[in-house]
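Two complexes follow with chain A in common, the first pairing it with chain B and the second with chain C.
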Partner chain A sequence: MTTRFETEQKSGLLQRILTALPYVVLTISIVPIIIGFVWIIVATFSYRTQGILPINAQGKIGGLTLQNWTFLLDAKIWRVTFNSAMIALGMVVGVGFLSSLTGYALSRMNFRGRKTFLGMTLVLHAFRPELLLIAIFQVLLFIAGIPIAGKAFGFNTVGGVAIVMVSLELPLGIWLMKGFFDNISWDMERAALIDGASRFRVWWEIILPQIKPGIAALAIFNFISGWNAYLIPYTFTIGTKVSNLSVFLNQFSSDTSPMGWNQVAAVGLFQLIPILIFFIFTQEALLNIYGGGTKGGA
Partner chain B sequence: MTPATLLVTVFFFVPALILFILSLTDLASSNFSEPWHFIGLLNYQRMFSDRFFPKILGNTIRYVTLTLIFFNVGLALLLALLTSYINRRAGFFFRMLWLLPRITPSVVYIVMWRRMVQQAPFGIINQFLGWFGLSQQPHLLNEHPWLFVILANGFVGASFGMLIFSSAIESIPKDLFTAAKVDGASTLQIIRDITLPMLRWPLLFVTSYQTLSLLVSFEYILLLTNGGPGLFTTEVWALTSYKRALSTYFGTNQWGYGAAWGLVLVVIAITASVIYLRVFRFDDLVQEPKIDVL
Partner chain C sequence: MKVELTNLTKRWGDVVGAEGIDLSTKDGEFVAFLGPSGCGKTTTLLMIAGIYKPTVGEILFDDRVVNTVPPKDRNIGMVFQSYALYPHMTVFQNIGYPLKLQKVPKDELQKHVQRVADMMGIGHLMDRKPAQLSGGQQQRVALGRALIKEPQLLLFDEPLSNLDARLRLSMRSEIKRLQMDLGITSIYVTHDQIEAMTMADRVAVMKDGHLQAFAPPDELYDHPKTLFIAGFVGNPPMNFIEVEVKQENGSYQVLGPGIHLDLPADRGEKVARSSKVIMGIRPEDISLADTGVKGEVYLIEPLGRDDLLDVRIGETAVRVLADPALGVRMRDTVTLHFNTDTAQLFDPDTEQSLLW
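On to the complex of A and B.
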């Protein structure tokens, strides 16, 4: 009896260690990221930092300030913020609208070339946009030569960047949307069609409300990738008039010498705020979209 | 439907074609205004005889395999196993934290890493070393560029596999685990004999998908080291293609030559994706997201 009791206790202790172990490993593994965020927040509000501690002129801990935020008075920052927002909104609206229309057509209608189109978007989905930048550059130069469209969507315009990003995101959006539409029951729609509603009206009034969560998830995903975009704006724009926050920040961090780490951190945090807000309020949607959809990159 | 087709054509098919044609010309910013000269396969010849070609090839292989093994598959699997083993809400919380690097703007993310690796007293890693009484290191990025290129990429990359694996683990019928436990199997045995075999397809998928992603991705390397320090130390294939064609530091954009580098990668990518589309019946995978269960 006693022996049994002892072994049970031992296994209880072992059990507790085994239960705690995953938490310990997980916590340790995430530490670098947390430290990075802690640094950026601390640095934003201090004159200078050593490691993750704010340091004042005497070399002691302290010296907090708000002066890193003076960049907000600069008109340039609002210009690039506006551009970032435009790119992000362009992606939300552009990809959302086009892919939900196309997805609906692919899911519900039978037309010539449906199979081909599906196969095509599939191959494109695996095709990597990063490799096409050189050629897209030539396309944008060409568009810039067209009289009116060139001003809005050519090389070195916010419109151009937005339209390229929308196109590159479309195959994924179309596939996700088609999946949503496939999962909706066909009954309500048929009833409406029999009652004489047009296809477009059915799409707008009956189908879209049913896939709202899906559209919201796609919108969040697109907003984040539009807001964070660096490579495409960097490649296809020159100067702060048309560049976005990421490009501005990178310029800023390599121009200032010696590098004003704390101002850089402030601009970085400024860019992070909308993302963090999204992060806090839409976690579940984010997990789902990144788990199901496939963002490229590393 | 039509506008989508139009956009996809203009920015996918036409560019693919242009890339191919460009790779056969010597178009550069110096002879931009002239009509295109076709120079046949000269660009390819030049590429393969480049003095740094073996170095770049080696870098690419190293970057892809190391990041893949240690982070995008290895760490991802570990995280997925751990987060599904522990309490559900806690697991969810940790998965959320791991998404942070992915949604952080790449520029901000790299600024964090650059600050971490600085020399004392500014660098964060050095500060921690100091607290633990270890000797201070010089600027870590210059000392171990590869370590940090892989770390920075890996911390972003791991979350993809983690999410795929953990949703796969959750979809394994619970009966199997119960049966195994009744039979007296230990946790490690359960993982080895039940979970891992059931994860075979997700594992293959993540491996092949991420190989492709890593092969063509260069954004974080561009921001972190720009191929340096020194000559071509961390330069990978995709970055070379990009720099030759579009990096304007010296005002010489050799579009034709860069296109040749890019096209070889495109061919590799297409071949790989056709193969894995066949193997995985991609339709099922793309439909898998359970977003409508929100």
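On to the complex of A and C.
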């Protein structure tokens, strides 16, 4: 022990440099990202920018404006924002609920075809959505033909987009959830069964609270991918009534209209805000690793 | 409540968890399942709890077959090695959970939980989470949770294995005391033969999924039916020596490398047919004497009250308990007296006792 202590003292300076090094590297590596953010924020409030600085018509610094944000007065933007929110929440709830149930069953129960199911789920995840577009289109058209359900989940509906997004995300969600459930001790579950709980109550009252951080992680993941969804809404919706923010944003840079770069930045920033808020609220759950009530065998 | 197992078997494909267990307990009896890890004792316990479904055989509670009754309807309490407390609930919620599931009114639940917690000596810790408790306290919470619904059967799955030696000793007598006071039929799984011997009314010894014996502790100690039981029960473990038994004009003799002993006739008679046997003799039945078998002291382990000597007789090693006052040292040559009145004799092929 003493020898080790001495070595530590001798190389104190080196030790300090080694401790500081990661922070220095990390700080340097995020500088470009921070500059990018600052640039976007500045750009949304100016007519033009040179580098990171706003400039006016004379090429001098200045010329700030709120004109880029006037899109907020348009009713269309709130419509597409609402649609984006519905898709994102649909994914959070849909994927969260279905994959936590499926993951539990796959982790805890033994049934015929379990292994096949697991394998197939993984294979499904390997398919890129692009490959499936035409098939999905056919399915959505079919759903559109069904009375009542067709209105909510058919082609050219927000519900339809949400359903497609949920199904594409489910394989990953199921595998993630299965992994979290696998880490929970069987004893806790057995104890609850013996205490008199039904299988469903065990899942809801005993097991789910243990994997809160996992559920939060999945929720954030789904919210972001639902909120930013582009390909699926772009392909399966027509017009702003059912399109979402990403698709709306794309219209600014379409072939027929000149590119309003600063306006694009403003809409982009607007699209970013909910994700930042959502992350602030869920990061604590993400980082909060539960202190277990088990010792040894867990 | 009486518990009866008939031909109880659990297999997963080719893997055998437990095979043909036949056993029945009396009402209020404390039964221990003893065996090394992987012997099927926990598998059997989980079948009794209703977590595993038996492949073959029946489980009867008071003559009622409960094979298909789900755990929640069996009215049992169970304590796990890992305690299996619910980490997101307080001590109060943990202990009260079984009553909450029974939809017991709030004030009644409160009173009941407080009473059980006080009985377990954790009444002042009600608002703590399990992570804020010591191992012993967690164990008490687990015990309280198992007891609160006044079960007819208590199951213990190595409950003391995670505690330190001192605490294990006190919890051992506490559980025993509690069981006697409440009179609840209990099944206690352990790999620690001292726990099984000290706590249980009867001990079921298991090996490789099979029940080897089901008998009171004394019986297991004095009349072990198999080589395995003889070696597993008792501390320090029994010595086994390969010997030959010879009969010379009415008297029986044990012959081994450097060993020549007289065998009492009542024991010798039973080995008449097989001359090659394994003799088992406990360390406390070998003593240092003036005449007898000569051996060299190879190792001395002081146990406090006794010294445990590892003595080599030629190639054969035997453990001997000796009085520390004798001042035996390593490499000393000692003379051993074997008390063959209590010697056990086993068939080397079947490993069954030739005596019982």
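As a working rule, the second predicted complex is superposed on the first by the 229 of 298 C-alpha atoms of A that agree within 3 Å, B and C clash if a C-alpha of one lies under 4 Å from a C-alpha of the other, contacts with A are read in each partner's own complex, and residues count from 1 in each chain.
Rule of thumb we're sticking to: contacts are C-beta pairs under 8 Å (C-beta built on N, C-alpha and C of every residue); 3 or more make two chains touch, one makes a residue touch a chain.
All values derive from a computational prediction rather than experimental measurement.
In the superposition on chain A, A:Trp227 contacts chain B only, with no contact to chain C. In the superposed model, A:Gln67 lies in contact with neither chain B nor chain C. Once the two structures are overlaid, the count of chain A residues touched is higher for B than for its counterpart among chain B and chain C. Contacts of A:Gln15 after superposition on the shared chain: neither chain B nor chain C is touched. In the superposed pair of complexes, A:Trp39 makes contact with chain B only, with no contact to chain C.
By the document's definition of touching, of the two partners only chain C reaches A:Arg201; chain B does not. Of the two partner chains, chain C is the only one that A:Asp187 touches; chain B does not reach it.
Of the two partner chains, chain C is the only one that A:Pro209 touches; chain B does not reach it.
The interface of chain A with chain B overlaps its interface with chain C at residues 290-298. Touching chain A in their complex are the following residues of chain C: 46, 49-51, 70-72, 74, 76-78, 80-88, 94, 97-98, 101-102, 129-131, 135, 138, 142, 145, 149, 161-162. Per the touch definition, chain A reaches chain C in the complex via residues 185, 187-188, 190-198, 201, 206, 209-210, 290-298.
Across the interface of their complex, chain A is touched by residues 1, 3-5, 7-8, 10-12, 14-19, 22, 67, 72, 75, 78-79, 82-83, 85-86, 90, 92, 94-109, 111-113, 115-116, 121-124, 126-128, 151, 153-157, 159-160, 163-164, 166-167, 187, 209-210, 212-214, 216-220, 222-223, 238, 241-242, 245-246, 255, 258-259, 262, 265-266, 269-270, 273-274, 276-277, 282-283, 286-294 of chain B. By the touch criterion given at the top, residues 18-19, 22-23, 25-26, 29-30, 32-37, 39-40, 43, 49-53, 98-99, 101-102, 105, 117, 120-128, 130-139, 163-164, 166-168, 170-171, 174-176, 179-180, 182-183, 211, 213-214, 216-217, 224, 227-228, 230-231, 235, 245-247, 249-250, 253, 261, 264-265, 268-269, 271-272, 275, 278-279, 283-298 of chain A touch chain B in their complex.
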